[in-house]
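Labels A, B, C, D, E and F are assigned to the chains in the order they are written; within every chain, residues are numbered from 1.
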Amino acid sequence: MSTVNTKVERPENALVDALMAFGVATIHEAQGWKGLLARHLRPIYAGIRVGGSALTVSVPPGDKWMVHVAIEQLHAGDILVVAPTSDGVDGYFGDVLATSAMAWGCRGLVMDAGVRDVRDLTAMGFPVWSKTIYAHRTVKETLGSVNVPAVCAGEYVCPGDIVLADDDGVGVVRYEEAMDVLSRGIDREQREERVRERLKNGELGPDIYAMRERLAANGLIYN
Amino acid sequence: MSTVNTKVERPENALVDALMAFGVATIHEAQGWKGLLARHLRPIYAGIRVGGSALTVSVPPGDKWMVHVAIEQLHAGDILVVAPTSDGVDGYFGDVLATSAMAWGCRGLVMDAGVRDVRDLTAMGFPVWSKTIYAHRTVKETLGSVNVPAVCAGEYVCPGDIVLADDDGVGVVRYEEAMDVLSRGIDREQREERVRERLKNGELGPDIYAMRERLAANGLIYN
Amino acid sequence: MSTVNTKVERPENALVDALMAFGVATIHEAQGWKGLLARHLRPIYAGIRVGGSALTVSVPPGDKWMVHVAIEQLHAGDILVVAPTSDGVDGYFGDVLATSAMAWGCRGLVMDAGVRDVRDLTAMGFPVWSKTIYAHRTVKETLGSVNVPAVCAGEYVCPGDIVLADDDGVGVVRYEEAMDVLSRGIDREQREERVRERLKNGELGPDIYAMRERLAANGLIYN
Amino acid sequence: MSTVNTKVERPENALVDALMAFGVATIHEAQGWKGLLARHLRPIYAGIRVGGSALTVSVPPGDKWMVHVAIEQLHAGDILVVAPTSDGVDGYFGDVLATSAMAWGCRGLVMDAGVRDVRDLTAMGFPVWSKTIYAHRTVKETLGSVNVPAVCAGEYVCPGDIVLADDDGVGVVRYEEAMDVLSRGIDREQREERVRERLKNGELGPDIYAMRERLAANGLIYN
Amino acid sequence: MSTVNTKVERPENALVDALMAFGVATIHEAQGWKGLLARHLRPIYAGIRVGGSALTVSVPPGDKWMVHVAIEQLHAGDILVVAPTSDGVDGYFGDVLATSAMAWGCRGLVMDAGVRDVRDLTAMGFPVWSKTIYAHRTVKETLGSVNVPAVCAGEYVCPGDIVLADDDGVGVVRYEEAMDVLSRGIDREQREERVRERLKNGELGPDIYAMRERLAANGLIYN
Amino acid sequence: MSTVNTKVERPENALVDALMAFGVATIHEAQGWKGLLARHLRPIYAGIRVGGSALTVSVPPGDKWMVHVAIEQLHAGDILVVAPTSDGVDGYFGDVLATSAMAWGCRGLVMDAGVRDVRDLTAMGFPVWSKTIYAHRTVKETLGSVNVPAVCAGEYVCPGDIVLADDDGVGVVRYEEAMDVLSRGIDREQREERVRERLKNGELGPDIYAMRERLAANGLIYN
């Protein structure tokens, strides 16, 4: 039952990059508020942003064997998405694995557990979103799977899904919905840009969004 | 029962700024160790410091409608203090609301829940202390109240109270006690400055604070 | 039962610095994956690294009296390791104590509770790893002990043990095992350096570590 | 600033008991979804239910001195509401204090921290809602206040407020709003009783509450 | 995008009951250690055990509208599996909804959030596994979906999957794998029964499982 | 470095039972408030109480191999104390291991992680204090040690230490201090019994403990 799926359909880089230009929060909104991973995933250093194609790795708790196995499946533009099958915090990933992943074109790591060697990862410019920073041991004893659908930080992620990550956290967009999400992201951004202009000039949300009548109907009282 | 209180007595900016000069920790001490909000409120970027007059917003869990309503109640020098009535982490506030709040003179935000668009908020220089960073959806369906006393992160905050926030967290000073707290803050700082000088020269706390007798009386043994 | 142990055998600085050169994660590995303090200990500002000799302080919950007592036991090169006897988050330590500790040669603080005055501590360049940042009051009412073995963040720390701390957290090495750990650290680093070179050139972990046979034997299937 | 307020206006027992007959959840609803303490307050044994007049005790973290002071302020029908000024878990209350409290007519305890002697408290039939069970030491060193407004588990509680507690948690009703809340509770219960009958017979919520049109208008699709 | 899927293929009751006879832990093992929901799901009263067909409900945070919608989709033998799209603790479900669910043949509830009216639910004998007990308000404002695949407490659950729940927590078995899992559960139970007999007689695991050689080979030393 | 210490000096049962008669909370007090394990250790069913000699097991995270190894080291009257070297929640222990442990005279289990088969363990009457209930897999791959000093739930426990556990949690008494602790427990209980009598008759703590003068000296004001 442990498998490595070597044939994954990946999104075009241009599509990924176009989505990433909007950022995690806007794309989350644009796709109807779905696909946002749990908030415990935080960047290990400030200011990183990256989008890519999900290379999923399902691992037993505390076992990093499959991460080693996953590296050669990387294509340029992929993001490693590592999902332990049980809650844990041990340190699956450090500078050695990052060196290997970068050599194979990996754009970053989403790790629903711990990472280590944070100073080195930062110096290498390898972007990581993790649940914690913890150098505790993991072993290489038990198999898992590579490029299978997996639940990572509360969201279902499939190989080849588009992963987006920035200061706001990590989001996932299904490959087949990406074009539609992008087009709605563009609309939303344009609308929002116009709103921002008006707000900057001191206009008010309740007027722009025409809320006043509904506020009164709901019984809001001004004293 | 949903109200917007439009008449709030606010502290003078000079008083707020004088208190802020001492920082959250010192003022917390100076007012007898009260008024410190829970430690889960953290700045979204390093090095921010701000003081202001509390504009309180009591909101239902996951509902940001009243934040929109609150904006036009802002006076220059106010800090938005948003308190959901139940424990939650969704992302109530992002760059659009910040644009509007800044246009109305808002100095910053204390949010006992999540915020989003952290990169934009940082670029805009809008100071935020929040419980988490999370882009998850909120709705605009249910009323709350603006400028009513509210419990935010475990402390009771009234409209017009003085809110202070820095790297150490968030504190609140009652308007009517502020002058007295300020005077005690000045005393404490002067005393502490003298102590710091002596400590820098290698003198010891147990001598400066005359603890040795009491330590011995309590039975401390040196081996 | 409250004692201050004034006679502690300390490691040589050269040994401490040699260990610190490898960092917390590598030394943790080199000593057989033991001696890593709980991951809730985090640096209060980015990029700090320090090693030293443990000066342990066992304190009652919420009581900082013994921290004052501990200062004069400091030798140049010591790190204060403060361990409350019960779970807590109050702010035991701020800029005044740091001023005193630095005057006595203290290299840093490991605090299994809260600290305050983070901006000042940062400006002073005093490295701190703590569980939280919180300015809440502590008292000076009840004795504890200085330089006794103590459990800090889940690890047993003895006076004179070598404490190492960086972005990855905090580790402890027994004085009597330090030479051996150092030598294994050197071996490991040399081995790892060679591996990193090969990985950088695109070689794969499963080949370098000769995993392929064992992966197949465990039933891994490539589709 | 440490005070004991000896003059508290208390609600009539009949009013308290009438409210308690509906339980915490129904009264919480009846008063417009306010006054529910945080969910970390849990009964220490199953099946307890109690209502009473709040005797509030504001205590420093880890210090039980004021609980001793509060006992003689108890009137028959009071519930002790103990609120530490900072987050903590130590064991403030055990069978000795319970013996004393029961002798003075106390109906139960709401403790936003830890309690101990759970077996004895259970045998004595003394109802307790607490954040945790933990025998860790508290001291008697620092004053607090008795019968002052206090924030307990995220809610503002005033002396003489009506406290209700059962398997669903702990709620508080302002004395001056109690009659109105009671009347709304009666209405709600009657309405709910009729609904329960219809549901028991297999009628459906979407029909009883006339939701179908709004569901369709919002775009719900049945496949 | 909000849909109610009215055509779900359900497992036969006999199959569900056969699996349930083994309990959550054994079935989890038998299916290769997958399908166990997060440990924060706990029974609201002791001793409950139930198996059924998953009727999944994906709900917005704090909104119970879709739970009302889901009831009429219940078939005898179903278990409601309610999965909010964001982390939350509000009280979605109480005795009124339970009355309706039971009238439609519902066997129990798995709720990745809070429930209320625990005393009533217990009296009614309606089995519930939830994340917390909390009476806080939910609204009926925003649509979700019924009988769609959903992530509940970290596991992917599809409509018609077999849900098993007891004192050990909650597990899920894919419909198409159920026969195979059952057969492996039977094998395992038989093997384990024989082992239990031998252990009861004082034989040792290291002998029964023939571990001694491997222990020695790994370097275990007896002093 | 993985060792099984086969020669442990154990306390006499009579001494253990005498200490246990006072319960965890009283003994914790009697030994000067030390030796109380973290509060996350809770009994898996209500009303259990047990004392015994610690048989410590240090295990790698998620690996139960050494628990199998530990069984044959059990003497009648021992309590298994299992301490993973890293934070975790997987289910190390169930009815099979309990069957074996009971056959070898084990009185109970203290597990700083998860257990499974709770219904069976309850039916067997095997007392367990654990951090959580979770059936997730553990492996048998990596060695640890048996009967070595270990940190369990924040306390240092040595083989042959006296472990006490009841509804209040878990405590540990050093073998060499046990007689002294017992004698102080007896004194304390006698004193407390006299106090309880007086409190039952309505006398007050502030009078019995002569607190009034110190309260006034500290500035307590009655209004």
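Note that in this section contacts are C-beta pairs under 8 Å (C-beta built on N, C-alpha and C of every residue); 3 or more make two chains touch, one makes a residue touch a chain.
Here the structure is a predicted model, which means the values were calculated and not measured.
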| item | value |
| --- | --- |
| Pair joined by more contacting C-beta pairs (D-F or C-D) | D-F |
| Averaged-CA centre spacing for the pair chain F and chain C, given as whole angstrom | 28 |
| Distance between chain centroids, defined by C-alpha means - chain A, chain F (Å) | 43 |
| Distance between the centres, which are taken as Cα means, of chain B and chain A, whole angstrom | 31 |
| Set of chain A residues in contact with two or more other chains | 33, 36, 39, 60, 85-87, 89, 134, 136-137, 142 |
| Chains grouped in pairs wherever the two touch, ordered by label | A-B, A-C, A-E, A-F, B-C, B-D, B-E, C-D, C-F, D-E, D-F, E-F |
| In the complex with chain A, residue positions of chain F that touch it | 60-62, 85-90, 134, 136-137, 139, 141-142 |
| Footprint of chain B on chain D - complex, ascending | 1, 32-34, 36, 38-39, 60, 85-87, 149, 151, 154-156 |
| For the chain C and chain A complex, residues of the former touching the latter | 23-25, 28-29, 33, 36, 39, 42, 46-47, 49, 166-169, 171, 192, 195-196, 199-202, 204-206, 209, 211, 215, 218-223 |
| Residue ranges of chain E in contact with chain D within the complex | 2-7, 45, 65, 68-69, 71-72, 89, 91, 94-97, 99-100, 103-104, 114, 116-119, 122, 132-137, 140, 142-143 |
